[in-house]
Amino acid sequence: MFRYLTAGESHGPALVGILDGLPAHLHLDVGAIDATLTARQGGHGRGGRMKIERDRVEFLAGLRGGVTLGSPIAVVVRNHDHATPHVRALMDPLSGSGEPLTNPRPGHADYAGALKYRERDLRNVLERASARETAMRVCLGAICAQFLAALGITTHSAVARIGEVAATFEQWDDAAVEASPVRCPDLAISAAMTAAIDAAKAAGDTLGGTVLVRIDGMPAGIGSNRQPAQRLDGILAGALMGTQTVKAVEVGDGTAIAGRPGSAAHDAFALRDGAVVRASNRAGGIEGGMSNGQPILLRIAVKPIPTLMRALPSVDLHAGAPAPATVVRSDVCVVPAAGIVCEAMVRLALVGPILEKFGGDSIEETLDNLARSRAASAALFERTPVQR
Amino acid sequence: MFRYLTAGESHGPALVGILDGLPAHLHLDVGAIDATLTARQGGHGRGGRMKIERDRVEFLAGLRGGVTLGSPIAVVVRNHDHATPHVRALMDPLSGSGEPLTNPRPGHADYAGALKYRERDLRNVLERASARETAMRVCLGAICAQFLAALGITTHSAVARIGEVAATFEQWDDAAVEASPVRCPDLAISAAMTAAIDAAKAAGDTLGGTVLVRIDGMPAGIGSNRQPAQRLDGILAGALMGTQTVKAVEVGDGTAIAGRPGSAAHDAFALRDGAVVRASNRAGGIEGGMSNGQPILLRIAVKPIPTLMRALPSVDLHAGAPAPATVVRSDVCVVPAAGIVCEAMVRLALVGPILEKFGGDSIEETLDNLARSRAASAALFERTPVQR
Amino acid sequence: MFRYLTAGESHGPALVGILDGLPAHLHLDVGAIDATLTARQGGHGRGGRMKIERDRVEFLAGLRGGVTLGSPIAVVVRNHDHATPHVRALMDPLSGSGEPLTNPRPGHADYAGALKYRERDLRNVLERASARETAMRVCLGAICAQFLAALGITTHSAVARIGEVAATFEQWDDAAVEASPVRCPDLAISAAMTAAIDAAKAAGDTLGGTVLVRIDGMPAGIGSNRQPAQRLDGILAGALMGTQTVKAVEVGDGTAIAGRPGSAAHDAFALRDGAVVRASNRAGGIEGGMSNGQPILLRIAVKPIPTLMRALPSVDLHAGAPAPATVVRSDVCVVPAAGIVCEAMVRLALVGPILEKFGGDSIEETLDNLARSRAASAALFERTPVQR
Amino acid sequence: MFRYLTAGESHGPALVGILDGLPAHLHLDVGAIDATLTARQGGHGRGGRMKIERDRVEFLAGLRGGVTLGSPIAVVVRNHDHATPHVRALMDPLSGSGEPLTNPRPGHADYAGALKYRERDLRNVLERASARETAMRVCLGAICAQFLAALGITTHSAVARIGEVAATFEQWDDAAVEASPVRCPDLAISAAMTAAIDAAKAAGDTLGGTVLVRIDGMPAGIGSNRQPAQRLDGILAGALMGTQTVKAVEVGDGTAIAGRPGSAAHDAFALRDGAVVRASNRAGGIEGGMSNGQPILLRIAVKPIPTLMRALPSVDLHAGAPAPATVVRSDVCVVPAAGIVCEAMVRLALVGPILEKFGGDSIEETLDNLARSRAASAALFERTPVQR
């Protein structure tokens, strides 16, 4: 059974994660994990905090000589900001204290969390709810990416819209994405996005946008139609919508499909050199809640972050009087980072259903089972039926 | 711990469900459950199967004298079609057999399922993958609705688009929805939708669309920012996307938010008669993964169903030759039914997070705890701090 | 993911179970399931209820032509007693009612359940808590037994003690067990047990005892040392102790091991014809929370059932006055049946950890993976190391 | 939902744990956690490793100023041994390596784990399987103890047998336990136990024994008869048997009950000053899978640890030749420590079922709900029925 837990406050000592259920004997490339952490910190439009942090993964368990043991993997990403005396005074696990924050930010967890936890200091809510938490998702997702890669499965993300600036590409390669400061592979649009972010910054405003995630190399038959909660599209949408700032998730042609007739909404089967092929991928690689062997395509809309330098109207909850929302150091646009985070969530979401089908306590065992499954799939519809 | 399992093939003897974890002493209105089952069967555009079935809930466990015992609830919805001799010959659990189905339908589970289960007869896949399965989701959801109603929480759905015909209402009442044969509260648009369905039927085609679900009466603080998988928006999106034909899920303003600046994307706080109020509900009732006390708003896009009378191009997998997709008796448009099903999934998804916060082995206990929580919320920011 | 839910009151219409996650293409022998249900109803010392019931499994889902589809399996075992008019009047799901039971039985769920569910009629507690519920465990366990048998894994049980009469055998075969009316393979002891039951019955008393369960054919490496909750011994003990009347569970030499030195408590390794063998099986087939390839041995103590014809002292909770405990129709000794139930719980407990290691959506896939795993185990310590 | 994950190798950098789901606003006494960690390290019969380690909890998340935030709690317990250069060279997560261990110890995870993980170096198995892992269980359990204490629930443990030396006390107080170097409250027996350990040590042997755990202050109605896996006795037995060296678990009178008639096996109800009381506690505080309000009594048998200085016969798996089992630095008797660990497992096992009944995102909320539940229980059988 694959599962994970994360912990960590935005200004506490560290983010912590435990990843349980990855097979033994996977050789981890630690540099690749750190590079993904760095990618999350980047993108045009990030604020001051990202200049302080230099996120690096530290392994405390589950690894020996860079190879997984099959035991749970424990990782830590330090919050360098916590070393600052005034931050430590505020957030030390044993001694931290400070004046309460009282003016909730519209769009943030502040108010809902205060009611949930019967909490009069909004800081005690926002520290966990902060998007800083996503650094650990990215870290664990980057570990999972190496498991997936061993099976031939890769994930890719790109930015398709920032504010009013939208691109129209449908395919992309990672190099073009990496070359853009906003992770948009269309260079002209990328420049317009950058300008839009600068304008928003000047106005004390923030911008949202749209990111695409693609999964290549997925074997068919992952996910299940057995129970509602086992469908792969549901699992992926749940993971993505459970991410800070995400407000919409589409699979394949998504909302556009609602306006089309059935004759223009599906992916016809054909034969090419004896193999079953598809003429299109409107379904986005998932039919009946299961991967169908095509690339999986996901489109995710993220809202502008709720902390604006020109603070939104709010209320001082202690005073019972109108007041501007609390302003904390923040970013103008996190859409490029959101692509990295969404990719991480997709990686984390895939491992469970994959291990459920193929099993395996060591990567050798999982690969054995995957190879045998592929061979059986290939033989399934040969003219002479397989014997049972 | 609240959870459920469902079972049942489309042409097998029955659909079966077990619902575990509802408190004791809830008086169930069985007629209301049957009415919801009937509503799922209706809507302009349904096909011949719905004329055969008259779905009714049968309780086998968990209820005595119409009141829940706190023990697991077991329900059955019979497939009347199974009584037909040729259907029974095909699908009897002990003796059923028949010629294999070999031509997968694009957009359905047929092909992915064949590879998953190493299955050469597509009937063995499609029987469970069929949308008939949603009748049990609706049945269990209708039971949950009565638990939610006891807590003051209600769900509502409406159709906002069918094919190219889109409505623009933002609010609606249930009576207007029930008055429309396509569950669209705008009567002019409703008529246009009906016409579009008739045209699609004449063309041997199918239509998808968009449904809205609203949750009224939600207490604040349901769902959690503790772990990625506990966020209420993720839980709802996972439940909805894990439903047949759903291809997109939006919370609040959803995809539209991606194009707006932060200053026009959130819901400012204000005071009215001393109470904290919101000027808008762009967030759709969820902030930081938790309900914030406002109505929860969800928008769901569903694809046209994949079984067309003018069959899509496919392949005979046994023969290895092009062939039209298998045609089975089916519907032209299920968007009105999809609204009922999405409402059911929302109901099922809410119970777990609500019981996690309020607990309770009897409805009296849950109501006690909810009342105390509401009182504490109200007192939280009174000038004299509550004592801890 | 393998899991199951059960439902059903003792005098309600039926017991219901859903078993989710068994692979497709398993041919089920329904007669064998019914035979196990019959075995649970037997054993010297059962009371009048067992004369009324003739438990038979009825499949409502998951099966076609006697073969699993991979979809969830739904089964029903009818309570024939429910057809009696006065029982139906009492327990009909929609209309049942009757005078409350008010005098809790010591040793039963009555009192604890009343407090848990805020319930003033003890019948509403005891209907689910009754050991009748174990018929569904046995039914689902008998299905799982056929999955296990396909993998070469079999379970076996025997009675080792009833009241003061104890047997000392350590090994047994199923035929000797089946030949005894109390399922004790030592015929002389079996006769003494029968006599003890008759004496208890004459005295209006009840008897407990001890049962043994053995698992043959277990592959090594099932269960895990990764997390506390994944250890196979913990999983088995949890399943067994979570069974009506069970008060103690031992693995291998169990409590006896506490008095022995380490030099006489473990199972030395040796070589025979080049293969690693063990000189003993004190560990009972589990080391480090994982199966080690030896038979798994479990010893379970069950208490005398708490419903005595000579009622124990109790209290009328409504009247607030001393009163004898409620007497309902019951058995004198259920130890032989407990062996069947414990075997069922072991079967249900094994499937999850086995599928976690070997995966598989069809029995062909699971068997493929098991075969490959066995080959890899055999090759693991050959002189030329396996390549990774 | 309450849950936890642990990670950590015996000689790796640290043990790590994440505890998810404890309510906010619990004031933690860190000194008490450290004291429990120290208690686990103690007891007559511990070996050299315990002289090196000085276990201390370090909080990385979930706490601010010593008070829980409601967010996940992350803790680390460092392995001081890891600072030793040769240990670090062996077990560094990124660079560790060394000669493989090849001779499995009977009774340990070595052999089963090698087959499970396709692992030729037994060190890669035993590092996680080592009982060092229990330090994190104790740490997390000590946190849970403070949550339980806030609700009036306390746990207590004592040693009742070491090797052939057995005590017969049925009740005990913590002070007497703490005064004994083997945690046995009978001082004469304690001295005999100490002598037995010294004798075993001189012989190069090891000793097991028996521990008792008692839970005081349990509210009635915790755990559930709804599903097999929800019974409190099963949950406790699963947690305990899933602990290194445990081979038997008994609830209440346990195995002794098997030999007694029903008339001498249960706990009669009586009235005292109008309150319902029990004449005995043979059931050990659990009836029908639910706590009944009496103290919960558990008896656990632990085996002698499998690492003997006079090594047991084994096999060199690489050489395919007989060889003595690997000898690593180890203890002679861990029974006193096992009591601490079993108490920790009981604490961890209780929190989930308690929160399931009472809910609560803050300790104030949980206490509110508990108080209301107690009042309702008290009123349940007053003459004038409670209104529903």
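Assorted remarks:
Letters A, B, C and D name the chains as they come in the text, with residue numbers starting at 1 for each one.
Throughout what follows, a contact is a pair of C-beta atoms (placed from the backbone, for glycine too) under 8 Å apart; a residue touches a chain by one contact, two chains touch by 3 or more.
Just so we're clear, the structure is a prediction, and the values are computed from it rather than from any experiment.
When the interfaces C-D and A-D are ranked by C-beta pairs in contact, the top one is C-D. Across the assembly, the mean Cα position most removed from that of chain B is the one of D.
Measuring from the averaged C-alpha position of chain B to that of chain D gives a distance of 43 Å.
One inter-chain figure worth recording: chain C and chain D are separated by 26 Å, centre to centre, where each centre is the mean of the chain's CA atoms. Centroids built from CA atoms put chain D at 37 Å from chain A.
For chain A, the set of residues touching two or more other chains reads 5-6, 20, 25, 70-72, 116-118, 128, 221, 224-227, 230, 357, 361, 364-365, 376. Those residues of chain A lying in contact with chain D across their complex are 3-9, 12-18, 20, 24-25, 30, 59-66, 69-74, 76, 91-97, 116-119, 124, 127-128, 361-362, 364-365. Those residues of chain A lying in contact with chain C across their complex are 1, 20-21, 25, 70-72, 221, 224-227, 230, 355-361, 364-365, 368-369, 372-373, 376, 388.
On chain C, the positions that touch chain D within their shared complex are 5-6, 104-118, 120, 125, 128-129, 137, 161, 163-164, 166, 200, 203, 205-210, 220-222, 224-231, 233-244, 246-255, 257-263, 265-271, 274, 276, 278-279, 283-284, 286-293, 301-306, 308, 310, 312-315, 317-318, 320-322, 325, 345, 348, 357, 376-377, 380-381, 383, 385-386.
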